[in-house]
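Just so it is clear, A, B, C and D label the chains in written order, and each chain counts residues from 1 on its own.
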Amino acid sequence: MENYFILPFTLGMITLFVILFIKYGLWIARLSHIDKLRIIQCIFTRRTWDAIVESVMEGLLHRSIFKRNPLLGYMHMSLAFGWFLLIVVGHIEGFLCYGTFANAPWIPIFFQYFVHYQFPGERIMTNLMDFLLLFILSGVLLAYFKRLNSKIFGIKKTTKLKPFDKMAMIALWFIFPLRLFAESATAALYGNGGFLTNSVANLFILIHVTPTMESILWWAYSISLGLFFVGMPFSRYMHILTEVLFIFLRHYGIKLKKQFNSYSRIQVYSCSRCGVCIDVCQMHVANISNNQSVYILKNIRDQNLTDRKLYNCLLCGRCEQVCPVKINLNDLRISQRIRATKEYNSDYAFLQSLPNETPTTGKQPEVIYFAGCMTHMTPGIKKSIVKVLDKANVNYIFMDKEKGACCGRPLMLAGQYEAAKKLIDFNRKKILESGAPVLLVSCPICYKVFRDDYELGQITIKHHSEYFLELVEQGRISLKKSNSSIVYHDPCELGRGCNVYEQPRELLKKTGTLLSAKQEKVMSLCCSGSLGDLSLSMPDRNVIKAETLKVLLQKNPDVLATACPLCKKTFVKGVNIQVKDIAEIVANAME
Amino acid sequence: MNTEAKKQIWSSYQKEIADNNYYYARSCIRQNFFPASEVTFLRILREELNKNIFDDPNHTTCTGIGYHSDIVPFDTIQTVVARHFALMTEAGLENVAISCVTSFGMYTEILDLWHHFPEQLEKIREYLYKATKREFNIPKNIAHTSDIIYKFRNEIAEKAKHKLINVQTGEPLNVVEHIGCHYAKMFPTKGVGGAEFPQVLSGMIESWGGNVVDYPERRHCCGFGFRNYLVQANRGYSVSNTKKKLESMKPYKPDFIVANCPGCAMFMDKWQYTLAEMEGVTYDEFGYGIPVLTYEEMAGLVLGYNPWDLGLQMHQVQCEPLLDKLGIKYDPKAKYLDKNGNQMPLPEKPSCLKV
Amino acid sequence: MIDVLIIGGGIAGIETACSLQDLGYETVIVEKERTIGGHLNNWDTLFPTHRPASEVLEYYTEETRKRALTIYLNTYVTSIIKLDDGTFEVNTSRDVIFHSKTVVIASGYSLFNAERKEEYGYKIYDNVLTSADLEKKLKTLNGEFKTPTDKVPEKIAFIHCVGSRDEKSGNHYCSKLCCVTAVKQAIHMKQICPQADIFCCYMDLRMYGPGFEEMYREAQEKYHIQFIRGRLSEVGENADGTLQLKVEDTLAARPSKIKVDMLVLMVGMESPQSTALFKETCGLQCAPNRFIQPNDHHIGSNKTNIDGLFTAGTSIGPMSIFDTINHAKASAITIKNYLSRN
Amino acid sequence: MRNFGFTTTKSRTIDYEKIDTRLISYILQNEPSFNACLSCGSCTAICSAGNLTSFNIRKLSLQIRLGDIENTKLEIDKCMLCGKCLLECPRGINTRNVIMLIKKGLNIIDKNEI
C-alpha cells in the first residue's frame, strides 16, 4: 500500500516509452528506402562506434557547448551526464544489493526508500550516489540562474516556453531537489544516507521528520518524474533522446533532402534549444530577435512559422557552424521555404523559345565562363576576369556575355525549387554542349548551385579564386607583390557554402600583405547583402553591414578584398577604402 | 454646387449672330433622321419670329461626311462650299444659317483657311468659276441654326405654350445638353460660350424653364466620330463612347437629352437601342431609354406644336413619357399616320427597350 | 530722413528690420494689413517639420515688441519716387510721406486665384478648396475634420501646379513650394482622417530642400499616399455631390477617373499687384514672370536695377520661409554696405 | 443578346472606384517599402528577365496598383528572382520580397482566401 508512490513514475515511464516507440518507429519507417538500406548496411561498421562516441561526447558531455561556453556546457553536462551516471550507478547499486540486474525499474530510482539495510559496498555506493546528485544539483542551480539571468551565460536571449515545456521544465527542476529531500528524510528516519543526504537529514531531525512526511516527499519525487516523462515527448526535452537517434542516422550517411521529410523532423526534434545559434546570429545588430534558427525549429514543431520569420534570415550559415548537434539549419529553413512556395513555382516557358545558341571558339575550349547576374552588375570584376583569361592565353567561352538566364540559386534560396530546376536545365544544357572541361564562375552564389545541384558530370567547377591560383601555380600568369595591406572577407556562399577559404588567401598573399580579421573563415560575418533574406529591410541591412565592416576594418587595411560581386556591391556603399574583388586585385597585380 | 458662379462662367463668351436674312444650309443627317426638324426651324423663324430665311433647292451636301472619311479631297470640298456661298450671293444674302454642326465646322475651317491663305481663296474662286461660272462673296456672318434659336430664346419663351417643367411635380425637367464636337471644339470663338462652356443649348433650356444637368462626361464626344461609325468593325468604339456618356448621365435621371448636332442626336438615340439589344441595359429608371431631341424639336414642343408634326415618332426612344411629363396632349392613334391621314407601316418592337 | 524704409511687414520685412537694427540702422516698416506676419497668419503648420506656423509668428511678434520696431499698420505704399539726391520719397495711403535713404521691397507674393482655372471648379463646386483654404480650415479645426459639405472625407485629392508651370494661367514658372506643401498637407490629412485615401496628382515632384524628399518618402511608405503622375484636366460633380477628376496616369499611359470627397488645389505664388505699381512709379525692372528682377541672379539677388532700392523675400520669386529669412538677412548686409559707402 | 458584328470595348480609363485592391493591399501589408516606388525604371533597365523577355517590373508594379491581376499572373512568372533590382533600387524597395508576395498573393487570390 505504501509503495503506491512508484505509480506516477512507472506510468510516466511507460507513457514515455510508448510514445517514443511510436514516434521513432514512424520516423524511421518514413525514411526513404535508400536511407533504410544505408542504415542496414552501416549498422555493423565503424560508423556505429563513431556514433556512440559522438553521442557520449555531445549527448552526454556536451563537448561543443563546452567549447563555446564552459559554464553553459557544464550546466548541460551536469544534467545529462550526471543523470546518466545516476541511472547507471543506481543499477549497479541494485545489483550489489540484490545480486541481479533484473530488478524492477523503480528499484534503482527509489533505492534508498526500499533498502535500509547494509549490503556489500553500501557506504561507497551511497556516497557516490550522493556525489552524483550534488553534481546534478549544481547544474540545476545553474539552470535556475539561467532562467533568471541568461546574460551571465554569455547568452543575449533565451528561448521562450510553451505550456508543455514549462511543465516539463518545472518537473525537471523539482526532480533532483525532491530526490535529495526524500532521500534525506529516509536517511533521517533510518540513517542510510551518504555525506550529502545525511547532512540534510541532520537538519530534518531538528524538525522531527515523520514517516508521513517521508512518504509525501517520495510521492512528490515520483510525481515530478512522472510529469517529466509525460511532458518530455511534447516538450523541448524530446531532444535528449532524439539527438542520439540523429547522431546515429547522420553517421549512417543520411542527408537532408530539399523536401521536408522524416529526417528533417528528426533534426527538428534534436534541437536542445541551447541557444548557441541565437548568439552568433548577426540579426541582433538590427534588433531582430525572433527569427534565429532555434525559434524557427520551434515554430516548425509548433506549426506556427510565419513568412516574415521564415524569410528573414541571411542564410549565412554561421549558426550551422556552431550548432552542437550539427543540425543542417540552412537546408532545414530552405526546405520550409520550398514547402511554403511550392504552389507557385514559375515554369519559365519563355526559355524554350529563346534561340538556343551555345557560343563556340572554334578550337576545343579550356573553360566556359559564366558571369552570372551579379557579376554583370560589377563590370570591374567582369573586365578583370576577361583580362586575366586573355593574359593567361586561356581559350574560353563567355557563356552569358550578352544575355543569360540566372543560375537558379536565388530561386533556390527563396524556396522556388521547381522553378530553379527549369533554369538549371536550361543552363546545364548549354554548359554541357560547350564541351569545355572547366566551368569558371565569378560569383559564389552561382558557384554553390553549380556544385550542389547541376550534376555536370566530368566538368570541374571552379571559382575564379581557385582557377587563378592554378594559373599562377602553372606559371601562366605571374603576380607582383605590392606593399598594400589587404583584409579578406569570406563570402558566405564561398566559405561556409563551398569550403573555399585558402585559395583566395593564397592569391592575396602574392599581391600584398594579408591581414587577419577577428572573425574569419568559418566564423566570417555576412556582408548583409545576402539574397537568402527576403524580408530584411535596407536600413536593417545597412546596420548589419556597418557592424561587419567594423570587424573587417579593425586593422585599418588599405584594401578590403572579397570574392563575391554581391559582397563587393554591398560593402562599397559603406566604406571609404577600396573594396576590390579578388579578380580585380589579380588583374592589377599581373606582370 | 455654386450655380450662380457656374452660370456666370457658362455665359462668359458670346458671339455675333445675324439678326435677319439668312441663307439656309440644310443638313444631310438632320433631314433624313429628324425629317421635321428643319421644317420646324423654318416655321419658327418665319411664323414665330418673322424672319427672312431662304431655303434654296439648289444647294447640296457640304460633303463633310466624305471629307471626314477621307474620300473627298479638300479642294473639292472648298469648291462645293464656295458654290453655296455663290448661291447665297446670288440670292442677295450675306448671312449663312447652317443646320449641320459638321457643315458648320467645315465652313468655319474653310473661311479660316482662306483668311490665312488668300491664295487658296483665289484658287477656289478660279475652280468654282471654271466649273460653274459662278462667283461669290465671303458671308458676313456664319451662324449655326442653334445659335439663331439661342439668340431668340427669350422671344420664344414669351410665346411658349409649355415650359420645360414636369407638370405632375412642378419641378423643372432635368435636361442633358450635348454640343457637337465640330461646333466649338475646333474654333472656340465661333461657338456661344466657347469650347469648354458652350451655352447655346443650356441657354435655351434655362430660358424655357428646364434644369441643365452638369454631369462628369458632359463634354465627351457622342461617339459618332465618322470613321469609327462608317467602318462596321470600328462601331464598337463608337458605341462604347456613347455608353460612357450614358453611364455618366444616368445617376442624374435626365428627362431628355437635347443636342445641336444631328449626328449626336442620332447616335445617342439609336445607340440606346443597340446597347439595350447587346447588353440588356437601359439608361432611365423604367426601361424606356432617355429621349433625345433636336433643339428644333424642343423649341417646337415649347411652342405647342403637335409632337407628331415634329416627327417624334421617328425616334428610337419613344417620347410619350416625356410628353406626359410636359403635359402635352397627343393622339396615340395619329402617331403613325402620314400627312394624308393614311396608316404608315408600324415599326418593329425592340426586344429590350420598352416602347 | 530714415535709413531704411521697409515695405511689407511679413517675415521678410521684420527679419530685415531686426537685422538692420542689429547693424545700427533706423528702420520703418509699412504694412498694408492690420497685423504683421503676412501669409503666415493664415497658415497652420510648416513643412518639413509640421511645426505650428504660430511659433514662427510668435517669435517675430516678440522680436518686434522687444526691439520696439517702428511699424505703420493699415498703410500701403502708393508710389516710390527716387529723388535727385539719391534718396527716396515714399507716398502712402495715409497721407504720410516718408523720406528714406534706402527702400526695401518685402511685399511678398499673392496667391494664385484658382477661379482662373475654371475647369477645376473652384468657387463652383463646394468641395474644391485651395491649399490656403485648407490651412485656414486646419488652423481653426475643432473636432472632426469635415468637408465643406459636412462629410468626413473618404477620398481626398491634392492637385499640384495650380497656376504654376501653366501657360494657360500665364505663369510659366514653378512656385517651388506647392509640392512640399501638398505632401505636408496630405500627411496631415491622413493623420486626422486615417481612413481616407489620399491622392496627389503631380507633373514633377520637386523636393528640393532638406528634409523634403524624406517627407515625400514617408508620405508614400508610412501614410500610403498615392502619387499619380498626371495633371488634372477637368473636374465634374457627381450626382451625390462628390467630385469626379479626370487625370491621365501618365506612367500607366491610361486615362483615369477618381471620385473624391474633397479636392485641394495647390495654388502657386504670383507677384503681388503692388510690384506693378512700383514698376510704374520708379521704373523698377521686373522679370517676365512679373516678380522683381534681381540686379544679378547670383551675386546681387537683393539689389534691383535702382540703386538704393533693395528686395527681401518672395518679392523676387517663390521662396520658402527658410529661404526668405536668409534672403532678408542678406538684404540687411547689402544695405549696410550701401549705406556705409554713400 | 443580339450580335451586331461589333461589341462595346472595355474602357481603358482607370476607375479608382473599381480597382481590385486585394493584391496591392496584401503586398503593402507585408512589404510597406513597395509604396515608395518612384517609377524611375532602374529595376527594369537592369532586369535579367527583361533582357530575355518583355518583362517590365516597373510597369507591372503600376498594373498591380491598378488592380490588373490577370496580366500580373501572366507576367510575374518571368522573374528569375536574381536580385539585381534589389541592388539597383534608389528607394531600397525589397523587390524580391515583393515578387514573392505577388506570387503568394496571386495564389491566395486564386484560392479565394483574400
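Following the convention adopted for this analysis, contacts are C-beta pairs under 8 Å (C-beta built on N, C-alpha and C of every residue); 3 or more make two chains touch, one makes a residue touch a chain.
None of the values given here were measured: they were computed from a predicted structure.
Engineer: Going by the touch criterion at the top, tell me which pair is linked by more C-beta contacts: B-D or C-D.
Structural biologist: C-D
Engineer: As a quick test, compute the distance in whole Å between the mean CA positions of chain B and chain C.
Structural biologist: Using C-alpha averages as centres, the distance is 48 Å.
Engineer: In angstrom, rounded to a whole number, how far apart do the mean CA points of chain C and chain D lie?
Structural biologist: 40
Engineer: Roughly how many whole angstrom separate the Cα centroids of chain A and chain D?
Structural biologist: 38
Engineer: Going by the touch rule set out above, which residues of chain D reach two or more other chains?
Structural biologist: 33
Engineer: Taking each residue of chain C in turn, which ones touch at least two of the other chains?
Structural biologist: 257
Engineer: State which pairs of chains touch, listing all of them.
Structural biologist: A-D, B-C, B-D, C-D
Engineer: For chain B, which residues are in contact with chain C within the complex?
Structural biologist: Going by the criterion above, the answer is residues 1-2, 5-6, 9, 196-197, 214-219, 251-252.
Engineer: In their shared complex, at which residues does chain A touch chain D?
Structural biologist: 307-308, 311, 341, 343-344, 346-351, 354, 373-374, 376-377, 403-406, 408, 410-411, 414, 416, 419, 423, 529, 531, 534-539, 566, 569
Engineer: Which residues, counting only chain D, touch chain B once they are in their complex?
Structural biologist: My answer: residues 1-9, 11.
Engineer: For chain C, which residues count as touching chain B in their complex?
Structural biologist: By the definition above, chain C touches chain B via 115, 118-119, 123-126, 234, 236-240, 244, 246, 257.
Engineer: If you look only at chain D, which of its residues touch chain A in the complex?
Structural biologist: It comes out as residues 30-31, 33, 46, 48, 51-53, 76-84, 86-88, 92, 94, 96-97, 100, 103-104, 106-107.
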